[in-house]
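Dropping the structures in below, format is structure tokens.
In the two complexes that follow, chain A is the common piece, with chain B as its partner first and chain C second.
Here is the complex of A and B:
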């Protein structure tokens, strides 16, 4: 009989959580898909010549991705202090590293596209609604509210980014596709952490749902339109918006927040 | 769904179940020792084997060394979710997240 020493499905729940929240798990995971990819791109990938209109749209999209990643970087850093246990603090520290890398690769891609001063360009092209969302997210974290911060960042923002990046990657030029692939792999962890952390705490204390529904009502409008606009800018198929809404609403439904 | 709703065992060593020898398929988002237990989903035309279910959270295919049955608990390491196997509306096996 074949005996498998490493069957993840045989782990006890706490052993599973200890494993997936660890820095070692993070390190051994990102090693698998980020090695040999300076700034997120394979050295063998050849850049495609973009026409002016497509390049302009991509720059606007990447500028807004940079706003989202800056929000997530600052948010994750703030959440380290609020995390209720050490495993969550360690996981959130890995997310800080991920978000910093995402911001860096998007800034690098902007420079490759000829943007000499990404800071200025981001300021010029940032969607006001996304800037407002960033402010609201950091306010929640500044108030010391772990559950609300995780909901705003790891559920609302990360779930939308995860879906938009995947849809964008399907139509992106080869280098941007490479860059997005690494980011998508990271976002899978972030969105999953958020849903599962909230799911566990709401199972213990369902009363938190009332407040999270209120937060959702305040924040949804700030980000849904922005990401729908981003999908249109990158030439995603017409039915992409419904996929974006569908995946987000599936998460909300699993958490009992409809 | 919460853990108290689920009393079924983990995927056990039931000898009546078909065994599967897993090999890596190119999924690299978890540490090497766990990689063969997951694969990328190929979309709606991707046919799942009896030892596979799709993670509803992150859409990765979760694989087991034995044929899966309703009530089995499985983990999606890429998105850190714990789930139970259920029979979906279409009669196929699906995974439902347990909090």
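Here is the complex of A and C:
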């Protein structure tokens, strides 16, 4: 099925879920924006010469993206085990591959920038707030809590990443911009799944909101820390913090978790 | 190690699968292909196909749980990334075989009850032995169980089913061809990655060999259940076809006993070879009753 010619929103709810959570849908989606882009970049894109300060900042940024993507990869892998139905399991499996691809393209970009041992560099430059967030996310998933895991992973983490990547892409060098474009398309799908899944389960059982608000309260300090660190890394002006927080707060509000 | 693991990157996977042998397929086969009318109209044949496909779904669900579960236990980024592609492959296999159940007339609401009804209990036990290692975070045992034992079994079963379906059911044969290509990659990773880890952890050998022995026992029991007894005797003599030749046996004319023999011999032969390559010795299980 060609995604461009097809509107899944015209389907009845169960048919819609069968469609958009399938491998086949994922396959058709990524084919559109990943074909002929080795490691996420168009072969025709010319790399820009970066000055030392900008290169240094970009390395720190990419190291932290790699921490986020490792968290997302391990989180999504854990959520495959917890998924309550076949469609969610298959969607999460596609997300596992997406997150692994993101990690791979960021590591590849780090090597292009001259980082010989990206894994060591990531450890050295990782933001403490992001590392703490990763630990908290994996703990929630380790406790076997699907709803909390989806909230932390597909709503909070994916919204953070989606927002930061978009902000960064606006001012990034051409190759990094290419790489981010594919990643952003994936993150939009992941965040959409999270909001849709939680929205449906909270509509059936609104009592879940109380627990998710508690989780949000526990994670908020880390989220703020991650946003502040990301802003500094990408060299964004201070007034973009409201734009960053805005995306996150809008999602939280739509789910009734304010 | 790094050089061999580069062959298992997401980039390589993208080039080989979505942009390679899966391009222009729908649920693993050509869009114009369908299950044969003859199969859909014969209740016994259709039930046998459902039973076989349920076995494939159960095996692939186990593989999906195992490959995703091993990501967090993997000791390095390249292994995590490979297992991510394997997770997606296994999810695709679950999807295409589930879709085949729907194509065979199983209603979506009856999917789980159909799987419960036809799932072979020995296959479920086979899966449980592996998933216990995975849930304990035992990467080495998990990869041997998943990528050598389970995938080795799947590889041979798929090959046999593919050879037996080429003439009569090209749709199913094509679906199987894609999964065989995937399984070949998975088995290759298992052999390449695990050999060095076994060398580093020789103390794990005995435990892993016990796991292999237990899994092999349940596998042989599945074969026995699948090929023995009057319910597994074909009701009519099939059309002989030279294209159904597999490991010296013509599957279109072989008796159930001959098919069990050729499958067991092939799988066990593969196990012995692959286990020896990673430094493990094949352990013969007791013979299932």
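The rule we apply is simple: the second predicted complex is superposed on the first by the 247 of 258 C-alpha atoms of A that agree within 3 Å, B and C clash if a C-alpha of one lies under 4 Å from a C-alpha of the other, contacts with A are read in each partner's own complex, and residues count from 1 in each chain.
By definition in this document, a residue touches a chain if its C-beta (ideal position, glycine included) is under 8 Å from a C-beta of that chain, and two chains touch if they have at least 3 such contacts.
Not measured: the values here are computed from a predicted model.
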Touching partner for A:43 - first (chain B), second (chain C), both, neither: neither
Which superposed partner A:250 touches (first chain B, second chain C, both, neither): first
Contacts of A:104 with chain B and chain C, given as first, second, both or neither: second
Chain B versus chain C as contact partner of A:203, first or second or both or neither: first
Which superposed partner A:51 touches (first chain B, second chain C, both, neither): neither
Which of chain B and chain C A:20 touches, first, second, both or neither: first
Overlap of chain C and chain B interfaces on chain A (superposed complexes): 24
Interface residues, chain B side, partner chain A - complex: 2-3, 10-11, 19, 21, 28-35, 37, 56-58, 60, 64-65, 72-82, 97, 99
Parts of chain A lying in touch with chain B, wherever the complex brings them together: 2, 4, 6-11, 13, 16-17, 19-21, 24-25, 28-29, 32-33, 162, 185, 188-189, 191-193, 195-196, 199-200, 202-203, 250-251, 254
Residue ranges of chain C touching chain A (in the complex, touch as defined): 9-11, 13-14, 18-19, 22, 26-27, 64-65, 68-69, 71-72, 77, 80-81, 83-85, 87-88, 90-92, 94-95, 98, 108, 111
Chain A to chain C touching residues, read off their complex: 1, 18, 22-24, 27, 30-31, 34-35, 38-39, 70, 73-74, 77-78, 80-81, 86, 89-90, 92-94, 96-97, 99-101, 103-104, 107-108, 119, 138
